[in-house]
Amino acid sequence: MIEILTKHYSTLLTAFGHTLAISMISMLVSLLFGTILAMFHVSKNKALNKISGYYVECFKNIPLLVITMFFYIAIPMVLDIKVNGMIAGAIGLVIYSTSFIAEIVRTGIQAVPAGQLEAGLASGFSYWETMYHIVLPQAFKIVIPPLGNQFITLVKDSSVLGFVAGMDLMYYGDLIAGETFNMMGSYLVISMFYVIITLPLNYLMAHIERKMEMA
Amino acid sequence: SEKSVMERIESGDKKIVWATNVTTPLVGQLNVETGKVAGYDSDVARALTEVITGSAENAIFVEVSSQNRVAFVKNNIADAVISTMTITDEREKQVDFTDSYYIGGQALIVPEDSDIQAIEDLTADTIVAGAKGTTMMLNMKTIAPQAPTREYDTESEAFTTLIAGQADAYTSDNVVLMGMMSKTSGFRFAGGRITDEPYGIALNEDEDEFREELNEAIAIIRENGTLAEIEEKWFGDYY
Amino acid sequence: MIEFKNVNKYYGSFHALKNINVRFNQGEVTVILGPSGSGKSTLIRCINGLEEISEGELLIEGVNIHDKNTNINLIRQEVGMVFQHFNLYPHKTVLENITLAPIFKLKKNKTEAIEQAEKLLEKVQLLDKKDMYPNQLSGGQKQRVAIARGLAMNPKVLLFDEPTSALDPETIGEVLKVMSDLAKEGMTMIVVTHEMGFAREVSDRTLFMSDGEILEDRPSESFFLDPQDERAKQFLSKVINH
Amino acid sequence: MIEFKNVNKYYGSFHALKNINVRFNQGEVTVILGPSGSGKSTLIRCINGLEEISEGELLIEGVNIHDKNTNINLIRQEVGMVFQHFNLYPHKTVLENITLAPIFKLKKNKTEAIEQAEKLLEKVQLLDKKDMYPNQLSGGQKQRVAIARGLAMNPKVLLFDEPTSALDPETIGEVLKVMSDLAKEGMTMIVVTHEMGFAREVSDRTLFMSDGEILEDRPSESFFLDPQDERAKQFLSKVINH
Amino acid sequence: MFDITGALSNGNFIYLMKGMGSTLSFSVLAIAISFIIGLGLGVIRYMKVPVASNALGFLMDVIRSVPLLLIIVVFYFGFPQLGYRFSAFGAALIAFVVFESCMIAEIVRAGLKSVAVGQMEAGLSTGFTFSETMRHIIIPQGVRSMVPSLVSQFISLIKDTSLTTIISFSELTYRSKIIYSMDSAYVLPMYVIMAFLYWIICHTLSKASKRFEVDY
């Protein structure tokens, strides 16, 4: 294991950087889309409700691998475009995670007591103003732990980039494993890098959750 | 504790389990309707099985990809791997090989309208696809280090990405590439073969007796012309 | 200033308000009594449009709030509301709770808004808590802040929906005190409550509701001396004698 | 039958019960009053071991419940408890809520347990609800079921921790009625409550607590006529006059 | 460009359906075993058994922090190096059970914790011991509140079976790839079909589970 670390550390660090960057970018974009879909869901407009509902129902029930491969192989075949593995992977991650984040944010919005919306309306704010000033800030606070957990999941899920030459930890892990024949060592080293990101986050989220429970 | 392959065969259980690639036309492809694997490698395996056990019917096939070939013998899932597997020193440290039964060679294919005519035309802007865990990808580091590579779990996945336009070229064994092109038009070789790839049958390290038996069998089918017949049957039209 | 004309309200097929006709006048303090589920909350929530009426007309200062062309947000600025569970914004300080709407809706500048908020906090005797967050306050304090918040928009009328029923018995008094003071200053108030002391002593007029209907509508004094309706009598005896 | 001898209770460094010495006698109905945070809940929760005492002795029928050799589960069978938020088991019907412990702990056979439960439900006037689930009941009904559940183990004493403060004003009466009936039948009861009517009229004795101490311990009649302690006076005036 | 009838020729279709059968039976097995182990682990963590809960807790947290894909390859490629050999099915099953048990344990712990404290107190107050209260009162309620999270975990599990294609476990995804390796005109149809089949399985499970959700 040590040998793999010392011999391949620059590759590993690059891969680690890619995994981290892809995860963070995908998370931010999914958060944006997810929030929009969540607002669609709680709005009174039936069409928007439907869009949000169908999206979530559709993409949370299809494996990420299938979504990603679809964008990497099937779409370029039909449209005659070139998408590199990192981008196809990120698109897959965003499409997939958005469905989960939409649900999380929606639950958050619905967890804000109805009285808050009413209080906002009662003091003359419009629906969207109330959402912006009063409901969303509280909803996001409520959903910090599940969002954090979703990010952890997303980091782990980013390992499907290994299937599409996404230059991430999993991809290089496979290559190093194939080259050194030290499968156990290579994959454990790779696991370690994932754990460096996810385990502390895991504890941080648990901590925040406990603190919020006490408040 | 487990019986060696020869002990098992001698005790009457004559089945030999061969691991082979099933997504490479000509070399080895699964017919999903019959469940039979057809191709050069599997025919060789059948011939060897016949020599050793008396019947080609004793050959059983399981599906591998380039990436998990070594694991198949190490995990005792198969008795032997026959899958255009190049004999290399590195691999010898993990598994044992029989004598070589065929010498293939690395080559490169590109879309017909590509500007790439030979390996020398590869640049930092031309992406080369290949399968994870193949000698080709290692070779690339010395023969065309400037060209970026993208590696996939199987040969067919690598070829599919070439079709999808995700790569500019795809490198593998010439026979594998021939197989791919036999099914899909629009691609051509870019230059000739680049390396020699002697294929051996990979076995677990404690299977000396089985290896001897296989080596003898290989010699037999080479001498009696069976090997040449099989080669002609699968590759004859494409050379 | 507020007038219900033949108002009906349905939740699905449930008839929550039945042919309501009532006027609330400027400067009047009205208490609404009635058993649980009788429609008290529904009635006052219609006044600031938190519930839509199904039939009839509801006029506020002559404006029909049921009309599609009416800007309900403007009406709401004129009608303050104090809720049973305070509904303070937990992520804002006391001061921010009070100044949020004046700054964004009345476009007051910040210093002006804060000045006014501090005056209101003084009135409800909570000036020293102005930088605290709601969860650092007791129930009674929260409700006094909520009243200050309601007043900050200079509403023409203040609605109260059971403002003391989520409070510790010890802190109910402080909230009722603030409400009595407001009443004395001539604020127009409509109050749903179970506090009989307040109803009897502070309010000018009492409505008794049951099953979506207004069964009594009389000066409070005479209502408490001698309720006419059978259900009102029953209700009073239950609520007072235990 | 229950005796606190120099009992102290700490939460970390917070001194929640300060040198408590008190006896509760068979057949007596005791009310515990006091402001929020004064240690009322802590005191009665010590009696059935939901809180452990830190120092001193707590004897129930002569048994030291703080002792490691005492089987606390046996003690708890003798001491029933009724909670502010009912704590009915939501996944069991009314009848199952009542029979669960008798069947498993007293090893009653099922028909016997059901028979007894039905008698208790009749007593709290809820026999018709026996097959319902808790969430189908009103607050007052839930609390009456909780009382029946407490009685099902034939406890020697029944503890109540603010049994009516989570209830609608209208349903408080029905719960107090059941409690008064129990008192008349001679049940030993210790009741934390803010219901002054009940305290004054039904209870035999009133303890007034503040800051973890018992400041008054007198027959209820004399306590209400003329509380001695300054804080008790203040408390009473706050709670009663609004 | 694409050839749907070819991709779904009779033989291919049967071959694919058998793959779907493998996906389903593997999922059912993995769910059953992981649920039993996860329930046990979750209760241990909930009860805060002195050393066991912490040590076990840390190990479980580490396992939950690693991508399932890596756990699969570690069992399949890595363990033979230590002398433990598994078939693709065996390695996949062990990897899933190890990973999913930890995920489920966390759900169980949270579910039990979500049962109001008052319920434990009510149980104790009627003379039940701690473990009796757990059995009669806390666990039955906890399990009900866990249903939604458990179901989404099971759905994740089913979707994640697609990852086992990396070790050539012959399930739905793997077989789709075998089919489209025959002809590039099958690629697009196969992805659409695959997506559809997974969707049907997961959607059906999620809809069916709604029946078991209770709210008090």
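All chains are identified by letter, namely A, B, C, D and E, in their written order; residue positions are counted from 1 within each chain.
As a convention for this text, contacts are C-beta pairs under 8 Å (C-beta built on N, C-alpha and C of every residue); 3 or more make two chains touch, one makes a residue touch a chain.
Please read these numbers as outputs of a predicted model, since none were measured by experiment.
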item	value
Chains in simultaneous contact with subunit B and subunit D	E
Common touching chains of subunit C and subunit B	A
Minimal step count in the chain contact network, subunit B to subunit E	1
Far-end chain from subunit E, centres as C-alpha averages	C
Interface ranked first by C-beta contact pairs	A-E
Centre-of-Cα separation between subunit D and subunit A, whole angstrom	50
Inter-chain centre distance, subunit A versus subunit E - centres from mean C-alpha coordinates, in Å	19
Centroid spacing, where centroids are CA-atom means, of subunit A and subunit C in whole angstrom	45
Subunit C residues counted as touching two or more neighbouring chains	none
Residues of subunit B engaged with two or more neighbouring chains	67, 71, 153, 160, 163-164
Contacts with 2+ other chains: residues of subunit A	73-74, 77, 163, 174, 183
All pairs of touching chains, each written as two labels joined by a dash	A-B, A-C, A-E, B-E, C-D, D-E
List of subunit A residues in touch with subunit E within their complex	57-58, 60-67, 69-70, 73-74, 77-78, 152, 156-160, 162-163, 170, 173-174, 177, 182-184, 187-188, 190-191, 194-195, 198-199, 202-203
Complex interface listing, subunit C residues touching subunit A	48-50, 73-74, 76-77, 79-81, 83, 85, 87-91, 100-101, 104-105, 135, 149-150, 152-153
Touching residues (chain side subunit E, partner subunit D) in the complex	116, 118-119, 121-122, 124-129, 132, 136-137, 140-141, 144, 214, 216
Subunit B - residues contacting subunit A, complex	67, 70-71, 90-91, 93-94, 129, 132-133, 137-138, 150-153, 160-161, 163-166
Partner subunit A, residues of subunit E touching it in the complex	1-2, 61-62, 64-70, 73-74, 77-82, 155, 159-163, 165-166, 173, 184, 187-188, 191-192, 194-195, 198-199, 202-203, 206
